[in-house]
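Letters are used for the chains, namely A, B and C, taken in the order the chains are written, and counting of residues starts over at 1 for each.
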Amino acid sequence: MSTVIWDDYLEKLIESWRKEGEPSRTVSYLNRLRANALSRIESLRLPTIRDEEWRFTDISSLRNTLFPRASTASLPGLDSQKSTFLDEPTCRLVFVDGQYMPGLSGLTDDGSIIVCSLSELTGICASKTEQYLGQLADFQDDVFVALNTALMHDGICIVIPANVSITVPVHILYITSGKEVAAYPRCLLVAESEAEVTIVEEYVAWQEGVSLTNAVTEIYVGESARVNHIRVQREASQAFHIANNSTFVAKTAHYDSVNLALGARISRFDQKITLAGEGAECQIDGLALIADRQLADTHTFIDHASPHGRSRQLHKCIVDESAHGVFSGEIMVRPHSQQTDARQLNHNLLLSEKARMDTKPQLEIFADDVKCAHGATVGQLDKESLFYLQSRGFAEEVARNLLTYAFGGEIINRVIVASLRQRLEEYILVRTRIS
Amino acid sequence: MINANSKILLEVHDLHATVSGAEILKGVDITVRSGEIHAIMGLNGSGKSTFAKVLAGHPSYEVTRGTLLFDGQDLSALAPEERARAGIFLAFQYPVEIPGVANNQFLRLAYNTVQGQRGEEELDPLEFDDFVREKMKLLKMNPDFLDRSVNEGFSGGEKKRNEILQMALLEPRLALLDETDSGLDIDALRIVANGVNQLSNKDNALILVTHYQRLLDYIVPDYVHVMEAGRIIRTSGKELAQALETHGYDWIHTNEQITGALP
Amino acid sequence: MSAALQNLVNQPYKHGFVTNIESDIAPKGLNEDIIRLISSKKNEPEWLLTFRLEAYRRWLNMIEPTWQNVKYPKINFQNISYYSAPKPKKKLASMDEVDPELLRTFEKLGIPMHERAALAGVAVDVIFDSVSVATTYKEKLAEVGIIFCSISEAVQRYPELIRQYLGTVVPPGDNYYAALNSAVFTDGSFCFIPKGVKCPMDLSTYFRINTEESGQFERTLIIAEEGASVSYLEGCTAPRFDTNQLHAAVVELIALDDADIKYSTVQNWYAGDENGVGGIYNFVTKRGLAKGRNSRISWTQVETGSAITWKYPSCILRGENSVGEFYSVAVTNHHQQADTGTKMIHIGPNTRSTIVSKGISAGQSNSSYRGLVRITPTARNARNYSQCDSMLIGSQCGAHTFPYIQVQNNSAQVEHEASTSKIGEDQLFYFAQRGIDAEEAVSMIINGFCKEVFQQLPLEFAVEATKLLSFKLEGSVG
């Protein structure tokens, strides 16, 4: 038993949950999981900047508000609903303030995809997910994962059966309504062997407001399966957004992800990828585009736990005004993970005098026959490119904006869902003042 | 060229070899006399590259049975560097990159080691520079690559040319060319083959390990051996290579008679 | 890893022997009385005793750091003797009068200092167990106004300089081991290069730990005034012991306008045996203040010894246009652990820094690079380039890279690159196939890997470093 550090904020939080009453559960393993997580929270506390993993991200302001869970979800008009949906046919799963909204959701496919919400977790879905749910995202040392697991009041499990290829993107839309509430959405995606799927995980706000999202997504990529994961965070400008993605990639499977951090006052994204099987591969790219007094913190951890794994990572930050970008990217090569090939790049652009960037790329290597490299840069736009554009008649400001746009565009181009990519391009055009 | 009176350079009998416990070579027999050019062909996994590595003494392979004589001397007792100094040269299928070690430094050390072994004069850096530049012309190589690290960032073709350059410098008595043709475009192949031909003479011998007939259009072998499942299952003249190219490797099994009819 | 390779790395430590010289050893343990004893033995002024006591009181309230990537049993600070000096003999008129036993020790180490000093033009200030025994070339340096002596001597002869600068770059409460050092340091070197003077020779000090369980707390202070320049060499070897020895040195460098200080280290202390028993704990605080405009501080280190190395020679770039450099090779073998790197703190405008770090791990050892590049808001147009390469030999060792980059000024350009490479069976076979044996191949690969750092060393040191590395890694590859 570890020492009990009782955190008064957590104490109050748990007390408030108890008052709200326990949601009913149908599956016993879920109850067990929740109970374990709850008891773990008793020995955890909210991190501070004295914790190495949080030294650049001060979340003490979170303590000022004890965000209650939303009890009822209010729906806005049809137009604002439509504007957040994708143009393409999708399997759409919608949450409002952390609550699953079957009425807004809809599946467009031949019925081979298995989807069920946690509150109706039974039968085949329950049996296919038991070994993964709560097992991929470790809550032992992460208070936010523990909180999410203890609550797990709503969430969704998606299973792509073996050899099935889902041709339409699965769009999981997490909407905050603008109320001062907390959402703890949970998602599990299991792609069984040789399955293929594209998943879009998107966080949007219908209205401005101070809210808290604490999301956990677990993904299991089975043998030779392929998962393409696009994650877009466009929360309200005063929101707190804390999220964890934990992914296991099995033998010769492939996991691609693009992560865009655009909104929220303070956002923290922990991405953990375990290349668990021989020959597993991943490519994870990210872009944080922030301004004003935003703070965007991305922590990634790629764990090469098997031989012949390959990982590629490109993470970029564009930091304007008084914003603060944080990147910590760790690549771990375990003993015996020979023939690992890992490459990580982190490029950061500071656009204003008050902008600040902290970056910490890390390699931890315990195998000798490996190819590992990382690189990081922090700087301004390339002066030569700027001069080139000016010499072609562009005003300096226009040239700057254009180059900034191009810097971010490299990541946006990796979004393979056309209508989403287009929307993001427009968003960046506005943010970089080109249009 | 075949000359029945010339000296036997390599004599391999019933050679068995394993790598991490798995037997790859299961009784190879081959005799090579000086002046001869042999080609060993076969599908991937047939054991032909293993054979080349075993001859050169790669530490991952263990000889479990059979004899391996080079110029009458038992090779199995010799370390890889001793085999190299005795005159066995392996042109690697995948030449190793050695960052930080300059190519000219590496080439000179290798050259001087072999020269010293033969009781001949070693060259200082200036003399060696002249010497190596002359050899590089043979392979139409750009001199600036002497200053680069060994094989680091070289294209496939550059790596293979670097191998043949080393062969030209070390003047081996037996050269093993392991898939030297793979990854080369036709021009590079011609240059490499031309280099090899100029190095070939009555006192040395050549074993070409290859998957395709392509290289054999430029370097004409005296003997063609077909390897399968760790043994040489067929030996014949250069016509065998052409027949394999036309009919594929399966043809060996389906058409015993035709192969039997070949010289 | 093949047997040949194993043999190469597993050669015994050739400097492992103990010199029998009677030592004047203080009782074990640390308290204010011991500090007063050290101070009075050294006949120090009152302000220095106060400096020590304040550091001690701070140290008492500090916690031993644990964030570094090294593991070792808890140190019992009360089981260390904080003062030992060779018993004073009659004053030495020349080298001939030095204890022959001592001279033999240097002989065995391959450092015949008088010859070396004469041949290489190096003034050697030999530190033997905390107290200077012999200093040469002092007069020659004095001619141009350079002060190069032990810090104890400097305290007596130049108290005003010591008082002005001591603890200004590494304050007494800077960190746990710096505080300990500030409380109990016994000796070290002092070097003062006056305005406009280019030091005519490399200054060199060989440190040597001798008495078993005597903690070593050297204190070095180097000051280069306006336009001055100096190259300082520090080399270390230590005899073999089975109990761990703590070494917690503090080095402070101060460069004024247009001054240039180059500090080079070859560290080859006893690393423990092949099972990880014994060896030196090397917990060092080294920091340079590039205080003046256009000043430059350059650290070069070749770290091959010690059971645990934990040091981050750093530069505070305060002066406009000042330059900081860090070139490092760290080799670990058997059970050695090294957590080393640098900090470049850019404060002044147009400051530039370069970091080149090469880590080589063999056996079951672990080598970590930990670095910080901080660009503060005032450091307009600051530039940093960092390159950290690791090489692993064998499958039981580890290499780790932990760079921290903190940028608070958008005119800065910071670049960091890291990569890994290996000496594997395939590379050695390739060499062997060209007739080159494993020993020579390893030496070639290592020297190629470390080239950029060795180029920074003074020539005689570069030769020594090359030999040392080949020696350390002999047998680990192949």
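In the analysis below, a residue touches a chain if its C-beta (ideal position, glycine included) is under 8 Å from a C-beta of that chain, and two chains touch if they have at least 3 such contacts.
In this text the structure is predicted, and so the values were computed from the model without any measurement.
Shared contact partners of chain B and chain C do not exist in this assembly. Distances between chain centres, each the mean of the C-alpha atoms, put A farthest from chain B. Chains A-C form the pair with the most C-beta pairs in contact.
With each centre defined as the average position of its C-alpha atoms, the distance from chain A to chain B rounds to 53 Å. For this pair, chain A with chain C, the centres built from the Cα atoms lie 44 Å apart. For chain A, no residue reaches two or more other chains under the stated contact definition. Of all residues in chain C, only 67, 375, 377, 390, 392-420, 422, 424 touch chain A in the complex they form. Touching chain C in their complex are the following residues of chain A: 52, 56, 335-336, 338, 348, 350-353, 355-380. Only residues 2, 421, 425-427, 429-437, 440, 444-445, 447-451 of chain C touch chain B when the two sit together in their complex.
Within the complex, the chain B residues that touch chain C are 56-60, 79-81, 83-85, 89-90, 92, 95-96, 98-102, 105-106, 109-110, 113-114, 117, 149, 166, 170.
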